[in-house]
Amino acid sequence: MKKIINRPDDVVDEMLKGLVLSNPDKLSAVFEKRIIYRKDPYLNKVAVISGSGSGHEPDQAFYVGRGMLDAACAGQVFAAPTLDAIVDAAKLVDRGRGVLFLVKNYTGDRANFEMASEMLEFEGGPDVDTVIINDDVAVKDSTFTAGRRGVAGAMFVYKIVGAKSEEEGVNLKSLKTLAMEVNDNVRSMGFALKSCTTPAKGSPTFDLGPDEIELGVGLHGEPGRQRVKFMPADQVIKTITDAVVEDLPYASGDEVAVMVNGLGGTPIGELYISAKIVHEILENKKIKIFKTYVNNFCTSLDMEGCSVSLLRLNEEFKKLLQSPADIPVRYF
Amino acid sequence: MKKIINRPDDVVDEMLKGLVLSNPDKLSAVFEKRIIYRKDPYLNKVAVISGSGSGHEPDQAFYVGRGMLDAACAGQVFAAPTLDAIVDAAKLVDRGRGVLFLVKNYTGDRANFEMASEMLEFEGGPDVDTVIINDDVAVKDSTFTAGRRGVAGAMFVYKIVGAKSEEEGVNLKSLKTLAMEVNDNVRSMGFALKSCTTPAKGSPTFDLGPDEIELGVGLHGEPGRQRVKFMPADQVIKTITDAVVEDLPYASGDEVAVMVNGLGGTPIGELYISAKIVHEILENKKIKIFKTYVNNFCTSLDMEGCSVSLLRLNEEFKKLLQSPADIPVRYF
Amino acid sequence: MANQKDTLIKVIEAASKKLIAAENELTELDSMGDADCGSGVRRGFEAVNGVVGEFAQLEVGDILKKVGFTLAYTIGGTSGAMLGTGFIETGKSIGDKSNPEIADWIKAADSALEVIKRRGGNTRVGDKTLVDALEPAVIAMKKMLDVLQPAEVSEYSSDALLQVMEAAYMAAREGSDRTIDMIARKGRASYVGERSRGNRDPGSLIVVLIFEAALEVLRSYS
Amino acid sequence: MANQKDTLIKVIEAASKKLIAAENELTELDSMGDADCGSGVRRGFEAVNGVVGEFAQLEVGDILKKVGFTLAYTIGGTSGAMLGTGFIETGKSIGDKSNPEIADWIKAADSALEVIKRRGGNTRVGDKTLVDALEPAVIAMKKMLDVLQPAEVSEYSSDALLQVMEAAYMAAREGSDRTIDMIARKGRASYVGERSRGNRDPGSLIVVLIFEAALEVLRSYS
């Protein structure tokens, strides 16, 4: 394994140090707990927190700032953050109006946020509520299973909810409703050309042959549902985009935001080739594109591949998407 | 070779289509010539153009917009743009105040921009002048050779010159002087963990063993000067940062902008680990950091590795770096 | 024979040793998941080793809670939450009893199991998780308790405990073995559907190793 | 025998064929550079093939310029600029002569060489570029011109031209061979210093193949 790292166990801590050192005007941190939070003083708003394992950069910690998240809890690589960090983060950024947890649907994340919520309730700490994000259409939903995962579409939830939380008079309950509404309108699916290598394991999580691709991969090097023969971009992007469109379904006349999200090891040029294909597919289906996001937004270390997310828009979503967020990565 | 592409020959054209489709409010294009230019109407300013081979995304085309470049000429992967495209781009964006070409120092880029300049002079076209950017300290400068390359430090030149070009009364001559001044104060060096695979060749340009890294690589999969044993991040980042610092040299008391630039296949997390190390090294040397840029700014397809650039600042550079640029990738 | 607190500390130390040594095996087994189970568990039990010195001041129940919080605070992920929950709930159930009876231990394990299942989103036997090892172990302990003579369990007896633990270990081991042929319905491995078959669930191995450690310590007394 | 224009067209077609076929070899040789030389040259000569139909309407000089601009407009990179410059300057020097003398051709090649060297930033023999093949070829042509009887060259003679071309080809070939042991001082291969030794310069092979194509066409007449 060749990576620009020192000891595998220090990867997350050193990365977060680099993030804060590089954004001294925007970010503060409690490094021992891996909490990154907004530096600018703010008052009288519901606080928004997300958190998950690391390895998805620029997820969570990189989206902290006015107009998006108030704090992020980073776990070790691919491991949900610990409950004590979540508890401390909630206390840190609460301004007396309560805290909304935005949590991607993974057992580990849910369990730790749930334990933290119970602890806060027990301690009489800030009011908290949680919205679970589950946009991945690659996983069939069912009450007997862990259900659909949360993947890159979560960025839309962070953005819209974060923007709304800055508006006057918004309370925890209405913010929760908005978060659920965004989640209900977003769907995603991804594929990989190459798995990722975690610093701890040192070799790829799964092996793909030179002419194979993995459809429906998650964000953690979990293998996907199906291994298929390599296809040209036109075909594979159509496969995943169609699956996304049909799931909600998005219909002719809908207006959407598109996200083409690189999984970490794929060059940006290939993401724009993919974006072109998505545009053509949606044009064919008479689905109108309001805004397109193309970049690495929520990655899996060095995994090669990408995901496509769609968000069905209404006027409020559009307004909130457009309002600038003062975050380390200013994509939004 | 597994990439999200269709035919290798179409890679650049499809990517540029995706870029323009994703930024319909900001960009226009002459696709047959691979020219990307600003959509917003502007008057009475010196136009700024850059261009180079593709494969460095988000270089050039992605930096077109108010406050940065007025047009970009994209060549095929790693091949300088053709002179006819450069000629057409200059005519397209000239507003009667002349055109400044910002060209990284490669024989092919220089030759094509030179031929275009001669052609424009012959045709009585717009006034043009050229500044050559050569920030790579890995290549020893000499009049008998092609001289130092231009690498990621070029982004600083685009940014500062582009911002200045929007100010009233700035003319071609003073803009050229500014561009040369920025170039004189910027130095860079990079290293690779893995070479890149061009769509045309389909296999890595050079092979590195599992415990080798290549110091001083360029942006085109050219091998570097020296192959060394793998080192932890602390050591390799120190090696390249020290080489950069000593070259100008940057001295105690200097104020600088730092760029940690991913080469395309390296996860963003590792770039921030690198940024942390650069911060510690410069703090030790009492070099003050004004602003840190960490991302993929100028890549080599899927090459793994990164480069470190420093720019010595004065008050004018600081002001111009800070002013926002309305470009597809809003890092600046 | 040693008192219960010393025994517990020995068990914790033995379990730490086994689980730290199992890092690579757990990582491999988690490769239908996300390959972080081994390093997380190793980190967690290294942290437990770091706080063993504090146990002298604590009662049995608090030692268990301390272990649970240490694991929950350092591992993260599902295993952090589940192991944390397991030890914390066991400790809570033991409460401030300094010499719990066998029945108390079994009741504690049972309540830990219940909270773990709830925490996992109603995890059931057959979902291919650590519950597949833990639930049979708890059932086996209960059964053994019924079989034993009231006299043997009326108060803490290391012999009876050994028999209970042997039953628990065997049941956990067999439960873990059964996960090999299961398709995961919970946890990350569930996303791969049919392809999750063929690998032992790593969490179930953790449970087995903890019971194995306990068993070995108890055996060393007899 | 064929007139010069027809011969030129045949040479261009033959050269296209050779260079398109050499794509992989050129790519491999450019791997101390950036491995784009083969695809660029292939693209360029495919484009030339696409405009061959227009040559019937053009004079010799304009055909050369057309080839040059087509290459410069489609290849990009150094090879696009250099090959473009080469053909354009040759065409400019030939001007509107429809039946140039051998001396005109040699003068044209010489002036193309000069502009290429300037365009490359004062490229010199020994820098490991296409100049290492082209400059010896031009010198050899000049020498052969001196050797030949004035009668033989007083006007266009395919026999004399063949001798000149043979000399040029041999010199280009030898010049290209010499690049194998050189350290690159210009172009991308120069950045790797000592490590550029051992590979033939791809640009020099392009020159060799163009002269080889010309030679083969001329030979087919005799």
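By written order: A, B, C and D. Residues from 1 in each chain.
The working rule: contacts are C-beta pairs under 8 Å (C-beta built on N, C-alpha and C of every residue); 3 or more make two chains touch, one makes a residue touch a chain.
Keep in mind that this is a model prediction, so the values were computed, not measured.
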item: Both-way neighbours, i.e. chains that touch chain C and touch chain A; value: none
item: Distance from chain B to chain A - Cα centre to Cα centre, in angstrom; value: 29
item: Averaged-CA centre spacing for the pair chain D and chain C, given as whole angstrom; value: 78
item: Chain centre separation in whole Å, for chain D relative to chain B (CA means); value: 33
item: Rounded Å distance, chain A centre to chain D centre (Cα mean); value: 56
item: Touching chain combinations (by label order); value: A-B, A-C, B-D
item: Chain B residues within the chain D interface of the complex; value: 8-9, 53, 75-84, 106-108, 110-112, 114-115, 138-139, 144-146, 149, 198, 200-201, 205-206, 216, 218, 220-225
item: Interfacial residue positions of chain B with respect to chain A in the complex; value: 2-7, 11-12, 14-19, 21-23, 54-55, 57-58, 62, 193-194, 210-211, 213, 230, 232-234, 236-237, 264-277, 279, 292, 294-296, 299, 301-302, 304-306, 329-331
item: Chain A contact footprint on chain C (complex, rising order); value: 27, 31-36, 38-40, 43, 69, 72-82, 84-85, 119-121, 185-193, 195
